[in-house]
Amino acid sequence: MITCGLDLGAGTIKGALLEDGRQLLATAIAPTRGNPVDGAHRVLERMVEEVNVLPDEVDYLCTTGGARYAFPDRHLQVSDITASARGAVFLLPGTRHVVDIGSQSSRAMSVSETGRVVRFKMNEKCAAGAGRFVDRCAKYLQVPLEEMAPKALAAAHPKMISSVCAVLAETEIINNVADEIPLADILMGVFLSLAQRAYILMRNVGIQPEVTLVGGLVRSEAMVRALEQTAKTPVLADPRSHHAAAIGAALLGHARLEKLGGRPAPLLTTSG
Amino acid sequence: MTLVAGVDIGSTTAKCALIEDGRIVGKSLAPVGVELVKDAERALEQALAEAGRDRGEVRVVTGTGYGRFKVTFGQFTVTEIGCHAKGAHFLFPGTRLVLDIGGQDTKAIKVDPNGEVVDFAMNDKCAAGTGRFLDVCAGALGYDVSQIGALSLGARHPVKVTNTCTVFAESEVTSYVARGKDPKDILAGLYGGIVSRSLSLMQRVGVEPEVTFTGGVSKNEGMVRTLERRLALRVNVSPLSQYVGAVGAALYGLERPTGVPA
Amino acid sequence: MATRVPPEEDPGGSETAPSLELGETFEELTGAPSIEALAQLAREVICDPSYPTVRAWTRRGRGAVGCFPVYTPQELVHAMGLLPVSLHGGGESIEISHADAALGSFLCSISKSTLELGLTGRLAPFRAFVFPYICDVSRNLEGIFSRAVPGAATHMLHLPQNFRSAGTVPFLVAEYRRLIAKLESAGGERYRPERLADSIELFNRQRTEIARLAAVKNAEPGKLTLTESYLIRRLGGLVPREVHLRILERVHAELAVRPNRPKDAIRVLLVGPFCEQPTLDLIELVEQVGCYAVDDELLQIYRWYDRVDPNGDPLENLASAYARSTIDIGVRATPTTKGEAILRRVEASGAQGVIFLTAKFCEPALEDVVLYRRALDRQKIPYLHLEFEERSAAYEQSRLQLETFVESILFD
Amino acid sequence: MGDTGTEPRFLTTARDRQREMVEEYYAGLEGAGGPKKPVAYMLVGGNLTEIVRSFGYEVVFPEIVALNCAIKHVSLPNILHAESQGYGLDVCGYVKNDLGLQEMGGQTPFGRIPPPDLLVCSFSGCYVYVKWWEALAEKYGCPLFMLDVPYLRDATPQSEDIQYIVTQLHELIALLEKATGRAFDPAELRATLARSRRAEEGWVNYLASGRRRPSPIEAYFEAVFYMFPINVLRGTEVAADFYATVNAEVDERVRSGTYPVPEEKFRLVVEGVPPYPSYRTFWDFFRKWGAVSVAATYPKVGGLFDRGFLHDPARPFDSIAEYSLGAYVNQSWPLRRTLIEEYVRDFGADAVLIHGIKSCRSFTAGQGDLRDRLIHDLGIPTLYIESDHEDPRYFAPAQIKNRMDAFFESLDRRKGTTPLPMVGG
């Protein structure tokens, strides 16, 4: 049985194909830009091409992410909190606490050994402390995203940023540059400031080992280190955990399919 | 004949105005960069160049704006609140309420008939409802902020932009675009939201005509119309509205005995 | 006071809905052909910030009194020939642009939008306002109202928090007498004990009927949606009680024959919205994502005591009913402990989990949640805490959290 | 942040004495608790320290511990701990500081705060009190006495209100007698109240000197330090003597011409709880402009003694009731408004400064309306600044300074006095 999970996020669309709920066949990612549904179709196409199956050999499709209802040809949709918890435990089975930082969201959740969400806390009204902040900082400082982490890790005296407003932090960063604070210190400050925000959420749900970071920020080793430093606990990250929610959705899809005796329910073609 | 200069180092732009005999004789505007002290210098130099005057002729330089302490060559600093009041009064003597929307904040200032500040209110540190908010949303629509002013004027079914957070609003705008909404209607929705937030600040100091709208955002025609509609009042907007702070600062310099040590 | 800019009903710019007109006998409501039709009408009434029911009542010169939640003795208002009306803020339809300035930013929406209604002249149909001391906000609001709505009488009713003292009931009787004096000066008829006794009987009946509604919702949650039950209850604070009783009787008659269509949903207890009410969208969302609200704190006003003794001195009965009330909501000092209280309620309602639905900035509710959470954690009872406000943009976020909560119970 | 270079001037002997008293107080709490030296927790507003102390209790005021923590910059860890327990951002900082501290064992820089044997909730002015004490009762399982104080809506208290409180006071005494096995001694209470009265009169005299021009006292920043004895040690000889020391020094100041700011330019009435975590910074913003507070409402949270709510040994219970009723935040908004207006008039103030507390609705809800009244109805320049009394994260120095500068700038111009200073940043 092949199940697909599609995570229609605000920044990127992620997809995962799973065989029998056990083996990860493929993952793919594309920027959201505009219409998430188009992006999701592209991600799906890429994955089926990669593993050489026909689109209708995908037995079950489950969406997640902010635009989960927008994708019409789905069997099921689940919340991205539920999904990324499942995905995290699938990738790193010892996980009991998941930190998920995406482009506009940051969440912390405590999870059971099966990946069930026990408790969670998320940012609601303000995107301060989410990935968007990193993107903007990268832009002001003219450092490509991929190069931020290696540079940041060289910091000797990281400079924290007081306003993690994704938009207003610019001024503070400009000031720091003007004050001739080394780039590495500013960069690490960005991640540490983000970690501090995340830490508040983490404490609120209660931190228990092992802690796993998922979402776009796993791509940055500096973020992992910053979280470890702030939360004073080891933080796991798997290179695939950017796709945790997509993987989780595929897993939940598989579980559902099994419950239905292998025969999927009709596609939900409604959106919204 | 005294030549005075006001330098306004804002969050987004550096402005300078030169005043002589009650006339604005030179001005400059440039984005602020990393080195504010240099930006301030440059603002003054450019204004001088425009006016064809010499640095030595300037009697008093007054700094204002959030980076006013970086106008290190100036003699005074005055807060942008005082300067917007003074500048607005200079341009429109009947001004009783100034609404200034700049790159990072919004202020409502009540002024007396002499242009003195009676009361003011400003927002907290959040990009919601500021110029930056419009910059970001304009970007999401695929425009530059200088293009979106006239664009909204024909809106017929304004959408409701529910998010106030700039980041969330940006995706909301993107999703409206994806759903094929008319940019006119999206903009009208954005303006409506900003104006009602500004209105709450204005109520705080009391709305009384004449109202003068200053700061970079006042260059946006759509914002001006929306504000006028909500206030049911004509609103003063000068072509020099982005310079009002700098003009006010220069005027403050005039009121001082010359040669006051910095 | 500073000049005020007139309100704009819909900042989006679309045309504003015309105000609803109702007849003086409210037969539109009592004669609604079905629960669905009634709910639809109730929705219109509630979403209309011009208080259509109050306008209908005052059309012939009768007076109405705005009562802030939750412990205003509306019986007393009723007994003086005035229409007691529950004030629940402005809902989603009004824009806050004046109240912020008077109140400050860190306050619940009900206080802001109620004041906004006052500041923009939309509370003109009321002769008086009663603010019970349920929290610092409602208490302060009275003093602000007295300046904001200078034409009407305002009264701050001190509610005792010491339930053990010999002085409590006599004091509360004296408090009620102060309120009576205020209402008399605001055009209420002279206080007569026998009229109060009648009003108490009437309100007792209303409470009984509402308790029956709650019992249906608990036993057969598929029979009546949370939104329907809420809308019906909410009407009770807006129309004359006699009218509401008639409405409730019809509802019960229909419920007796209405089929129960159970769905795969989890049973939850809704805690926290005892004062400010969530938006209709949010209330709807709770059940839409797969919950049955088998007990809730929405509009507690009807259940702040089971029954008031109609015999004997009615003022004293009213006061002692307050003093011995046992519902543990956030604005009444708890006789036992918060932890025990929540566990008892979970058990009584047969809920599988608890949803804390608290108004943003409502400190009494927020502080309770911590103590409640601890007790639930000990018993491993799942819960979710959601904060809400009027005119909120966080609908999608609320949905996400509610779905996650349901999924965490349903998927294993 | 630039400073003017002038240190705030304190009454030195009095200030030293005040420090000693605080140290002695915390030292006295060491090892307290249990039947030998039982501990009662109480709230500042309308407190019953005289009665409770007379039964041998050590009294802890968590509000005062909280403000001490904030001023010493150690409140944030406590607050964060409370937040990790689920207390939201909007919950009163005092509550979070206290509950966080309690959870972490009660250690403060001034000593360990012992757990309570008895909780006395003087519900005078703030509903958060009720919630706070509920949480403590749940944690410690000790008895909670709720002293319900009706909200003061008329300038003179009503007899029913007094009667209700007096009934409760007798009930409290019965509880204390039972808990301690001691008998209540009315004569001793009268003697204690006489000492309270002496301290209160001294305090009132101190506050009244703000009427002088220039003012020899700082009625907000300085007075806050001298609140400690009037709220915590009332009824002791020490407290009564303290105000004699303070007033002698005030007289000395007048004689020698030493004032809190060297050149008094602006006289302010201040309303609201101070931003304790940034107390000095905040004060600096004022001093830089030659602004001095001549009257303030906050130092009256314990009791509005300057408005006649004094303890009277001849009418012990009635006067305790009146005192509790009259605590500042227990007064209705119309009364609070009047009080501030009268302060402005009686103390010859130029302006009003309102400091709003983001996490305190009791004080803050309505301050905007007050501002509106002062500015628009009465033409009194008024500045509204918002931060927090406990949470340093809410204090945005640059923004606050900007507002202050703009305000004083305009005041200065309207007064037409001296040229604009180069305000350093």
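Per-chain numbering from 1; labels A, B, C and D assigned in written order.
Keep in mind that, in the parts below, a residue touches a chain if its C-beta (ideal position, glycine included) is under 8 Å from a C-beta of that chain, and two chains touch if they have at least 3 such contacts.
Given the structure is predicted, the values throughout are model-derived calculations rather than measurements.
Asker: For this structure, which two chains have more C-beta pairs in contact than any other pair?
Answerer: Highest contact count belongs to chains C-D.
Asker: List the centre-to-centre spacing of chain B and chain D in whole Å, with centres computed as mean CA coordinates.
Answerer: Each chain's C-alpha centroid was found; their separation is 41 Å.
Asker: How far is the middle of chain C from the middle of chain D, if each middle is the mean of its Cα atoms, in Å?
Answerer: Whole-Å distance between the two chain centres: 36.
Asker: Just the number, please: Cα centre separation of chain B and chain C in whole Å.
Answerer: The separation of the two C-alpha centroids amounts to 45 Å.
Asker: When you check chain B against every other chain, which residues touch at least two of them?
Answerer: Those would be 121, 124-125, 164, 168, 204-206.
Asker: When you check chain C against every other chain, which residues touch at least two of them?
Answerer: Each of 2, 100-101, 105, 387, 393 in chain C touches at least two other chains.
Asker: Counting only residues that touch at least two other chains, what does the list for chain D look like?
Answerer: 86, 368, 372, 376, 386
Asker: Draw the chains as dots and join the ones that touch; what shape do you get: line, ring, star, complete or other?
Answerer: complete
Asker: Residue numbers of chain A touching chain C in their complex, please.
Answerer: 66, 78-82, 114, 116-118, 120, 122, 124-125, 252, 255
Asker: Please give the residue numbers of chain A that touch chain D in the complex, ascending.
Answerer: Checking each residue of chain A against chain D gives 200, 203-204, 206.
Asker: If we count contacts the way the header does, which residues on chain B are in touch with chain C in the complex?
Answerer: Those residues of chain B that touch chain C are 121, 124, 155, 157-160, 162-164, 168, 188-189, 192-193, 196, 199-200, 202-208, 230-232.
Asker: Within the complex, which stretch of chain B touches chain D?
Answerer: 66, 68-69, 75-82, 85, 116-122, 124-125, 204-206, 252, 256-257, 260, 262
Asker: What does chain C use to touch chain D in their complex?
Answerer: Residue positions touching the partner: 1-2, 100-107, 111, 133-137, 139-144, 146-148, 156, 158, 160-168, 170-171, 174-175, 330-331, 333-334, 337-339, 360-361, 363-364, 366-371, 373, 385, 387.
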